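The two complexes that follow have chain A in common; it is paired with chain B in the first and with chain C in the second.
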Partner chain A sequence: MKTGIFICHCGHNIKHTVDVKKLSNFFKKYPGVTVSNDYPFVCSEPGQDMISESIEKQGLDRVIIASCTPSLHGELFKDLLKKSDLNPFLLRRVSIREHCSWVGDDIEINTEKARRLILAGLYSAAHYVPLEEKRVEVTKSALIIGGGVSGLSAADFLSKMGMQVYLVEKEAELGGHVKNLKNIWPARKDGKSIIDEMIEELAGRENVEIFASTTISGFEGFFGNYEVTLDTLEGEKKLTAGGVIIAIGFSPFDPRIKPELQYGKDKRIITTLEFEHNADTLQLPEKPRVAILHCVGSRDEQIGKPYCSRVCCINALRVGEAIKDKYKDSYVESFYMDVRAHPRGGEEYFEDTQEKGVLFTRANVAEINPSLTGIVIRGEDTLFGEIFEREFDLVVLSIGMSPPVDNKLTASLLKITLDKDKFFMEAHIKLRPFDTAVKGIFIAGSCSGPKDVEESINHGRASAVKLFGFLNLGYAYVDPFISYVDPKRCSGCRMCEQACVAKAIKYDEEKRVVHVEEAACMGCGLCNATCPSSAISLKGYIDCMIDDEISAFMEAI
Partner chain B sequence: MLQDKAEKNPEIIGFACSYCTFKASEMAGSLRMKYPDGVKLVQVPCSSRVDPAFVIKAIFEGADGVFVAGCHPGDCHFIKGNYFTRRKIAALKEMFDAFSMNDKLRLFWVSAAEARRFVEKVTGMYNEIKERKNVRKEN
Partner chain C sequence: MVSQTQTRVLTCIQCGKCTGSCPEAGRTPFNIRMLVRKKQFQSVVEESIPWYCTSCGACTLRCPRDVKPSEMIIEMRSALVENGAIPAAIQKALENTFVQKNPWGRSRAKRGAWFEKLDIEVPHISETESKRLLFTCCIQAYDPRCMVIPQNVATILTKGGVEFGVLGEEEACCGNEIRRVGESGLFEELQEENKAAFEEYGVKEIIALSPHCMNALKKEYGDLGIKIVHYTEVLAAMIKEGSIVPKGSFNKKVIYHDPCFLGKQNGIFDEPRSILNAIEGLEPLEFSRSRENSMCCEGGGGRMFFEVEATYQRNAEVRVQEAVEKEAEVIATSCPFCVMTLEDPATEKGITVKELSEILMEVL
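Coming up: the complex of A and B.
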């Protein structure tokens, strides 16, 4: 066996707390190791060149890259092996950054841990065999769940590029929250006009099918050919989609979760959303006294919403501005923690609102007490450290964005993950912000965390571009990590058949052994762990690989 | 008091599902959270891939503790793999109990988003084993 080991410094990220030189020297002398090098940035072009040169010149048949975690640069390093005419499944990645240099501070201890991690990779890889990825045809169609601005923008791009689009909306009408917003900031447009424009674009396209008042009731299969069941007003409907974009938006925070706000108990306490809908019909005195509370349902650890909702500060400014514009002699006071006027132009807008006469008080609001003459707010001014008590005619709660109501349902149907705040989780927050962990399933808009309209439209389009790239290829490779049976060992007990959830194992009555239907196998390895005769193995994770990994960790080799 | 030198650090092997716990461990790393170096992970496609034989093998080779970690019940990427894991590990635990080794095996659910929970779980297990290990040595 000719193994090459390449140990990455990742600049200082690894080198700082792992003695990479010591490691590469140790492995230079290790039996079966032909090359052992350390290098500043293995993923850089010269880094890649060094590896392919070693493969070609030294005739390596195993490559161990000890660097960042395997889910990063996966395709890059696989392609590198392919280009060097080596089967990409003879590569072993060892994570000495996320699982070593970043989780411990002591260089001596880390170096020893990294040594054992690499050793485990080395012993496991010794059992690797070349594997072939299977090619499957991809249906050129996309399922988009949710018809808010993010879903509409994804549908627009994909259909323009010629893909068949199925747009599924739970409500009777498209448009999500935006269709009910007036005077959207910063466009200063009516939400409905933005939505109507987007729908008009789609309406004329033959390759767009819109299902309103519809939800997803079944979801199976794999990238390229997802089998989807829809629950429509006309009954059940089935379709095949190559990929999916989830754009089911957010749900407005319900202030009833915080009873101290008295919301729902007094008509004079309303949310920004209600203000938006009823601004013209509000009954206010000539010189109204209006309080606006920022961060309602945001940045609040106690109720499990530690995140900033990104739009509520701007919404609070919009309310203040609207009142000031309509009632010149009004008294408007905004109670905030910090003003985070996120988007471009937000800071200027904040200044403008102050100039219009809206007062801003940095405060902890402690109590809200409705009385006959008004609503009394008591709290602490956190800049001056003073307790205050003031009466208002109207209190507007600037509510945040909570996860969509169908988050859990959708996540379990599509087998994807929610993040700690219960929004949909991206595969990598920086490197793959549109993907989920499942190939071909993307997220768009506010269902993956609070976003304003512009961000939601961009997110939708970006996910659509990524999905388009996958679909347009027309084919995909599926991981070859599936199970196979050694008929000589199989006793025909059929325990694996009972265990397999995918029903991928078939019994041959005549030969009295089982075999695995490759197309149906999901690659979980349950059968492998179940078979009492060790007759069935999961490629890439066979028993001896894991056994040797354990031994290497424990230095029992 | 125990002498620092005499203190033995446990070795723990954890089987981590690629779709949840392994992802949580990646995130823990990215967030620079710290946990003991004695914890080492074997990546498996699903917690149901873990053959009880692996657990026994790890103990035989000298591991002080083994954990199997997968997605929360109902969240398995392979639909029901973690239910099989739960049954298998429960049976194995009974056997461990019979040999008074119940503290050596744990099963926990950690989703991909729960980096902090991952660190808390592994550190908690590590510290408990370490304490018992050193008490035993003292006696």
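Coming up: the complex of A and C.
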């Protein structure tokens, strides 16, 4: 075996707390190692040249790169091996930055941990075999779940690019929450007109099929060819989609969860959404006294909503402005913890609202108690350091965004994960913010966390672009890590058949053993774990590889 | 080592939810938000200040950052207890509890005196089959005003055919208030003593007579594997099942005051009300601040043992005032401390304070 080990300094990042020289010297003498080098930036062009030169000149058959996390530069190094005519699956990445140098400051400990991790990689790589990426044919069609602004903007892009779009909406009408909003800031347009415009765009397109009052009842298959069952008003319908965009939005926070606010017990305590719906019919005196509460259902650990909902400050400003515009002699007081008017122009809008006479009191209102004459708000003005009890005619709760009601159902149906706040989780918050952990399934809009209208539209478009990139060629390559069966060990018990979610395991009645249909296998590993005879293995992840890796790390070899 | 409370204190955003919720804020020098701010910066806090806290729990229940301000107060008090810098009356209560296992310093041997003159038989827990324990509470075992509560409940349970037993002089103070005045060492001792008794007699269920005891047993004794309930839960269920039937009528307007340790801290709001609603002729009223928003009577957190420095209008007076305005004839509650704090101003205004069991006894 001819292994090349390349240890990256990552500039200062690894070098300052890992003794890279000591490491490269240690492996120089190690059996099976042909080359052991350290280098300032292995990912740089000269760094890459060094590796390809070693592969060609010294005939390396394994490459170990000890550097940053494997999820960074993964494709880069794979391509490098391909260019040097070495199978890319003979590459091993070892994370000595995230797992060693960034963890602590003790050089000795870090270096020892890095040495053992590389050693583990070396023993593991000894079992590597060349593998070929699997080419799959994909259906050029997209299933979009949710017909709000996000789903509509995704549908718009994909259909414009010529892709077949199936847009599924649970409600009878498209448009989600936005269709009910009035005078949306900063466009100063009603939500309905924004939605109507988007629907009109789609209406003439033959490659868009809209299913209203429809839910998803079945979801099977794998990337490129998902088999979807819809539950429509006309009954069940089946279709095949290459990829999916989930855009099922949010649920408005229900303030009943906070009993001290007495929501639901008095008609004069309403939410921003109710204000929006009933602004014209509200019964208020000539000189109304209106209180607006920020952060209701946001930034609150007690109710499991520690996050900022991002839209409610602007909504609170909109309510204040609307009251002031309608009633010149009104008394409007906004109770806030912080005013986070973060979108572009938001701070100026806050200032405008102040100029119009909305008063801002820094207080997280403690409780609301209806009295005979009005609604009493009690709290501490934290800037004066004084307790206040003031009476109002109307109290508007600026409610935050909660995860969509169908979050758990959708997550279990599509086998994707939720984050700690129960929104859909992205594959990587910075590098892959639109992807889920499942290939070909994307998320868009506020179902992955609170977003305003503009952000939701952009998010929908971005996910659509990503999905388009996946499906446009009509084929795609997927990882070759699939299961295979050793027929000599298979006892034909068929437990793996039960475990397989992809239905890739077939039983041969004559030979009384199972085999794996390669095209269907997702490489999830469930059959390996289930097999009582250890007859099934995953290509690229065999048991002895993992055993050796652990033994090497524990220095038990 | 930095305590968990201390790390949470550092996350405080000074929103004022705690102070707005605090029954002492604005009327006394006690500003809980300011104290958290001071704790963040390790600033000096005047020694008399932490003793205003009634441990009603509203701040901790509502804090959006889960800072647990009332727990921070307990830590502040602990430091004062350690230095001996505590009010003399608290010192006395602690000494009493250490010696006689009750803060009032009454003889431990007389803890069972309340049932001696009753017509019914009150057995020791060891003689029962159900191993259902009636946990008396110190103030109800000794104070002549509060002694009627265990007497009434024991009588009602017997009438309804619910078997129960008592520990008598083997029962020690639950320690709920002791922990809250900052004596965690003594609290642990009391806890161990009671736990040992529960274990010795194989207690399977505890009916706590005071919400304060129920709170300690339920939440601060660890997992006992014992079902713990407040007596109002048991009586409400008995009325529902029909094992006791209020026969007489009580033709009065009754306003119910939610005790903090029963209501906001343990979510028992409906059972006491359902007992009142089952009584014929009784017209139930509500305070404007009720249920989760109920105003603390200021009897908790050691405040039963001593008077704070500042003079100000007591919450009990505010409460009675509202009851008068709403034309209530009786203020009902289900906690001995609330009875004690409300009774003085109520008598002054000419209305009565009754513990729930007292009303129920009248109509059975």
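One rule holds in what follows: the second predicted complex is superposed on the first by the 505 of 557 C-alpha atoms of A that agree within 3 Å, B and C clash if a C-alpha of one lies under 4 Å from a C-alpha of the other, contacts with A are read in each partner's own complex, and residues count from 1 in each chain.
Following the convention adopted for this analysis, a residue touches a chain if its C-beta (ideal position, glycine included) is under 8 Å from a C-beta of that chain, and two chains touch if they have at least 3 such contacts.
Keep in mind the model is a prediction, meaning the values are calculated, not measured.
A.B. asks: Let me test your reading of the model: by the given contact rule, A:541 touches which partner, first (chain B), second (chain C), both or neither?
C.D. replies: In the superposed model, A:541 contacts chain B only, not chain C.
A.B. asks: Considering only the touch criterion stated at the top, classify A:366 as touching first (chain B), second (chain C), both, or neither.
C.D. replies: second
A.B. asks: Touching A:74 in the superposition: chain B (first), chain C (second), both, neither?
C.D. replies: neither
A.B. asks: Chain B or chain C: which reaches more residues on chain A?
C.D. replies: More residues of chain A are touched by B.
A.B. asks: Quick one: is A:554 in contact with chain B, with chain C, with both, or with neither? Answer first, second, both or neither.
C.D. replies: In the superposition, A:554 contacts chain B only.
A.B. asks: Going by the contact rule set out at the top, does A:376 touch chain B (first), chain C (second), both, or neither?
C.D. replies: The second partner, chain C, only.
A.B. asks: Could you tell me if A:304 is touching chain B, chain C, both of them or neither one (first, second, both, neither)?
C.D. replies: A:304 sits against neither chain B nor chain C.
A.B. asks: Can you list the chain C residues touching chain A in their complex?
C.D. replies: Residues 13-21, 25-27, 31, 33-34, 58, 61-66, 288-289, 291-293 of chain C touch chain A in their complex.
A.B. asks: Taking the complex as given, what residues does chain B use to touch chain A?
C.D. replies: That would be residues 11, 13, 19-20, 23, 25-26, 28-30, 32-37, 40-46, 48-54, 57-58, 61-63, 74-75, 77-81, 84, 88, 111-114 of chain B.
A.B. asks: Help me check something: in the complex, which residues belonging to chain A touch chain B?
C.D. replies: 69-71, 95, 97-100, 102-106, 109-110, 112-113, 116-117, 120, 411-412, 415, 417-420, 425, 437-438, 481, 499, 501-502, 522-526, 528-530, 538, 541, 543, 546-547, 549-551, 553-554, 556
A.B. asks: Quick one: which bits of chain A touch chain C in the complex? Just the residue numbers, please.
C.D. replies: For this pair, the touching residues of chain A are 259-260, 262, 295, 299-302, 337-338, 362-367, 369-371, 376, 378-382, 385-387.
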